[in-house]
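Below: a set of structures, written as structure tokens.
Heads up, the next two complexes both have chain A, just with different partners, chain B and then chain C.
Up next is the complex of A and B:
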């Protein structure tokens, strides 16, 4: 039988047959009779006053059903045409964010009008016939210029500063005064684009008879989206159904409430026709949220032995032109994680959020934590370089000790569990660190530049305790034992590649003693599934899986009562053993969950007072975040002639607690590493000074091809957490968080003989080549 | 205008605008939605199909250009009853996560092995340069293509989804009319 064979097993994913045979249904594959197609008219300017919009020519096109502008929506009954931002900041400036620009466009790609026609082609033709007259206004793109003064993105605010959040702990001034060395460095964490291969996609339809709106959307948060749609559209929430069918990657970018989702829904209600909108890749680059984009000014105080005593930090974060759902929250996570896995107590920090005429930043894989890990891991290497110490030893000196958990940081987080040194030592042994350093020395003599980069990260995920979240942080699960013994699981999380149809079935199979093929996991439909918060912040299994475990506990407790009644035994004497119920110490009689489910359905042999049916809905409220960690080591060679970076080795030793399906966990790490190393070497969203997007297609924006990334060698350690009943930590974002500094540290280490101290990402060949010719006296290359 | 397309072995005649892209003809006229669109610059490869056996990006081919030719989409590469070794290998090696790039990636990889039945890892990576994946970091895609190559060279038999991931519904006795359905295991149960 299946007992204890599923959790921990590398079984094939149960969602894959439909995906590999082309039979999956993504939003664009949804077919509804009478569908019409939307195209958006978007601002070609970074900042402009809209002086007039002439829709007559577009409306006279026989293929066109309707054209709506911001003015039309602004005056529409009940429609609150401003988008939500979830936050708990008292002094946050929240300028209106209209779903269609009203009189001013503040970012290239801002939607100005929507055209609906009988085919996607005719819709785009007609969008070109909408004549919009603009009066260009001065744009501001540079964060520091924007923070300093006009021009203002929102003139009415009289400032571009959205919020300022100071923080201080310990006595940083004293620590700096007593430091043997101090290091000051400005680190630019460049803007990147999430680029899921499926762009934003949506189909809305309205059943006027039922007064029901249905929105299929490529979203990570069907329920949260439903709640926000209800608020913005002024509809009862129980008359909205949001369906996230197959979703083609999200990486945080589909954790949002987008203007297009609201507008398309509203238009479907006006026309009583299904309205489909699939954005183009160019629109995706303009109008899907971006990630990162911070300037991190840091100062580190250290002792001669490498002990870090204090950090001064100013995070200047680009909000973009408007807040999207979590925009201002992201850099606050950077501040919270400024410690990394190190124990210094003295911090002075300030976060400044700044509006510019660019697309909003928001959650992109790691969301605020990669920035923290990047600067602290770079800082460790800079301290080592200055003091001529091995970066491994500086890390070892500053690690929070394995016996110090739970550990409360100066920024107020309580790290649940960790053993940073063991994980690092395992990585060093696997990669033969001492041998690599020797090899590096020898190659340098031959004019070859090998670099070894280490990153020992810790991150905060399993989002999260409701009290610490901008909105609810719990999640939910329902288990139904159907009359014939099939098990239906309804999960409140909304996987889109993370494999919970498999891992959740693995858990249920073991705990309820059923063959895995009897378990079906359903998600992503607000009319089928109880409210759930969704998939983001590496919470799917850490929170959604924990809720599943609670539901299993409830099912087992009821099944035990049913079995005990059959056997005229005391329920306290009946237990689940090897997936079946039996009287403790008496294997002669047993009952399966399916059998108990059948009795619960028949209803006539139940103990008095016990309700029929065997199902349970439970919610898990996490008492804390979880803190996965690990060591990534990257080895590169930088070509002295061309500045090109060649990967020699990449090793990741991660610790996310107990593994349910190691194959799936490894897949998450692989993909995370690729995105993180790609930020280090290739990716950068660039706007010119007028707010014109220069990286608006996949020809201009570099996401890596197969031959640009290395083979990843993986290993792991297991340090369980007590935060959830499964003992697991999230692993969705860890790879991205760990890899960027490992790669940057490797490249900069390779260039150490040239006096390089820091180079800002992306570490492109031309920058590296230039650095090898002449390094500024401060060693810092922008 | 009317075009003559043979798709996955079936000849069809469809009316198309001259500007209609092949990918839209496949998806919207023929309802073969396994071929995806991920970009507008021929960069991502999600729309890859075989045209007369050679991989092309169907977002960069007009439907009219394919008239009189044979197109193979993911639906024709293999089915649940008879998976192509490449499909099976992607599944077994966990070469996919969200699945959106996967169908185009599989079609490209099938074409790659046609040209080079025993590629090295470097050759696999270079051979797939026209296809972007944002989820897997390519590690398990390379592994899958290598495994598929080995299976195909060894002439291994095709498998069905059901062979690799059997689903046995809980056994149910045929219900005597008007009576409740009794699962088989309950007949044997000691209750």
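Up next is the complex of A and C:
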């Protein structure tokens, strides 16, 4: 049994001192002798034929080591491989996605050539000297136009539709025929950019003697990246080492295999020099994956009492010009989570993936689930508005009951555990919901527009059972008790801000009875750490932490045998108590894990048949996903003169099961809410009709500054899961998923007196101001 | 985000800077705080061959503010303006703008002269300095000349500064009843609309008003119609102020971007002008 002094405590993050004092090593901090620098020549057009590339002038610069084009790679060097897409769809169209454009560029920012020089500056200057002649082709940016017909992004496909996936359960037609009310609404979930502080960064080097390629990359998936590099470059996997050092934010955008990672690795092999490439912010906006970008057409059937009986749904998802690693998978997650936390059983859905001349969409914090939560939480509010019911009561009416878990939804997911009503009621009590509604009514009489938005979300994470994943879903942990008693943990997940160097050490400290300072958590290096799947889908602790728990169990079992042997006791009579081993009921003798580890190292006092050493490697295959949930309530005031939105209050009551470090969980929620509310109010990637990116800098594309986010009031409930031995669920994406609809519902609620039913995000002041030009129903003067 | 190659030289005096400007001709740019020029160079929207760094020139930095008037050296940093209690008292509009501009890094590097000489159509100072009817001192080879703010800001990134001139000083009469309010662009935090107002009050009514608007057209402009309509208005009468501020951007070709349309920008000129009037009237 574990004694808990660390688990559940607000231990300060052990990562932070090095991060905040400038002593951390990010990719750009990696210094290797002889390093040369890459710059990419990128397409300035959304769609164009490449008629010629003249590299002579760039190559004539004595500071330039090499220039390669797609043609060079493809023909002269026979690097024909296409970038990978992981999926489980039978009829997915997978056009080739070369690492440097060959003949045709299909998105602004697509890499056309690479220039390598002795400094980043000369590389950039030389890249401007590569003369590329283009013949512009018609571009298509609008998803529906693209779905309808030509021009085609990939002419050879004869269509822009990448896949169509229908789904049906129950009898939606009957439910719609019998409905008291139906609501039809198109909801656009706009394209957003992940904008990690650290853009994509990589440095590759090649040891020709050892035939060993080493790639430092700001990635969330060092092992999966290694595997894909082996395939794409045609190298033995054991000759590739991928290192993710400190990573400055991923948000899903670094859960990928990028063309630049392949090209830079390949060039390092050609030149036998370390090659560094740190993309600029402008390149990051163009060529790092984007998130969301769906049109969700929904139709809801409901009874007069607010009971929702059926949903019809068409998800039209923008793939971008090519598939990246998980591009087509994302909107299928939206469909799977279309239920939210509600129990209706009739659903007819269709997901259509469409190619356009834009950057690929892929996983961005929430990855498909925010879209689902957004439309179902908006739909609940629309039902309430139509039926003149309180949105709280409509939610209450439709919740999956707390005694109905595990609950299998019509879309086929089995929700592990939940108690939605308790969490919502806690939030309503904290924020004094009834008082707020009264205040709203008073203010409306004065021509002031307060809005109260509720979002009761559930999400699917802890990705996930391998059978349900496009790639492996398990993860791994190794624990080594070193001879002098310190403990090394090697985790297969690859934290980049999630704090597992702290939380994993908390778990080990408790379970193995060592001071937390004696535990070191190592990750992100494929030559140090056994294969692991990585950090994404709020899986780090739910899967990687569960593997750690299994490794702890194995260590404890062996340590107990060692202790029992010294005491001539039966191992069954020895147990861990308060972090030490003792004979059950006899505290007179005890042994620490460190002592057992030393005996295991010396090797001469072990029971017969027991191998020396005290270490263990275990893997956890999750039997199911986990389904954290919560209630977010946002209160805003919208200025009727200008449409500006002011936050009045923000409350989140989340439930991610057992908390290992509440402070770190809160940090994840804070960041998640910031990104979620920012989608609701500010963010939007805009391409013009020719595929030119209009929001390509931080002067145009808004990410929230501190002054633009409210104070967050947080609380939680604890509903454990049985999916993993820690009883925990993920919390990395919940804030983003829960917050966007809470903010949108609040803003739209504020505008209810103007007859507003829905406004698409981002809820910019101008849109709100335009809607408020109507005469308000309360008759007050604006 | 990597600028094209350029040379760099430091000027030790105004004379030195003017000499270098003449010497290097059109390829040269003056560098003060660098917070407008350097980002443009990084995006390769500007590629001067020579930067003449004037940041170290002594005697161009400093604020004197009293009831008699305000004089500011062109190299005075935003942060110094934002921290000046005298400025807050004698010209709150400029103090507002300095506090509401950029972020701490920008405020600690950027200068009032550099920001003004850049002529950004969405910058704050062009409106404030027009509302304060500031006088700009320009040093050139043949001596100095003085221009009123309204004569200085000519168009988009265009000012009256000659090729071989530099801005050395900005001066204006004290304007205790002045204010600046700004609608921040959510990304750049430049003004979608910024309204600067300087009032004189008499018997609880507005005796005279200067109103200038930035962020809308190619350059900040004085809203003459609003200025005359405000005369005699009780600044605490919200309806009357609103009526007087209607059409603040009339006749101005408004710009549009992905955040705000031209018509919305124009409508917001009225709203923010009215807010600035109310704030200026209540300034102490």
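Going forward, the second predicted complex is superposed on the first by the 766 of 782 C-alpha atoms of A that agree within 3 Å, B and C clash if a C-alpha of one lies under 4 Å from a C-alpha of the other, contacts with A are read in each partner's own complex, and residues count from 1 in each chain.
Convention: a contact is a pair of C-beta atoms (placed from the backbone, for glycine too) under 8 Å apart; a residue touches a chain by one contact, two chains touch by 3 or more.
Keep in mind the model is a prediction, meaning the values are calculated, not measured.
Once the two complexes are laid over each other on the shared chain, residue contacts for A:674 go to chain B alone; chain C is not touched. When the two complexes are overlaid on their common chain A, residue A:642 makes contact with chain C while staying clear of chain B.
After overlaying the two complexes on the shared chain, residue contacts for A:705 are found with chain B and with chain C alike. Taking chain A as the reference chain, the count of touched residues is higher for B when chain B and chain C are set side by side.
When the two complexes are overlaid on their common chain A, residue A:281 makes contact with chain B and with chain C alike. In the superposition on chain A, A:684 makes contact with chain C only, not with chain B.
Of the two partner chains placed by superposition, only chain B is touched by A:664; chain C is not.
Contact with chain C, but none with chain B, is seen for A:695 once the two complexes are overlaid on the shared chain.
Of the two partner chains placed around the shared chain by superposition, chain B and chain C are both touched by A:121.
Once chain A of one complex is fitted onto chain A of the other, the partner contacts of A:247 are limited to chain B, with no touch recorded for chain C. Overlap of the chain B and chain C interfaces on chain A: residues 120-121, 280-282, 697-699, 703, 705. On chain C, the positions that touch chain A within their shared complex are 1-2, 4-5, 43, 103, 183, 185-190, 257-261, 264, 267-268, 271-272. The residues of chain A lying in touch with chain B in their complex are 12-26, 28-29, 31, 120-121, 195-199, 246-251, 278, 280-282, 483-486, 496-499, 515, 517-518, 566, 589-592, 594-595, 598-599, 602, 605, 663-664, 666-668, 670-675, 697-699, 703, 705-707, 709, 711-712, 735. For chain A in complex with chain C, the residues that touch the partner chain are 120-121, 124-125, 280-282, 641-642, 644, 681-682, 684, 686, 694-695, 697-703, 705, 708, 764-766, 769-770.
For chain B in complex with chain A, the touching residues are 17, 19-20, 24, 27, 31-41, 43-44, 46, 73-75, 78-80, 83, 87-88, 90-92, 94, 96-103, 106, 121-122, 124-126, 128-129, 131-142, 161, 164-170, 172, 180-183, 185-186, 189-191.
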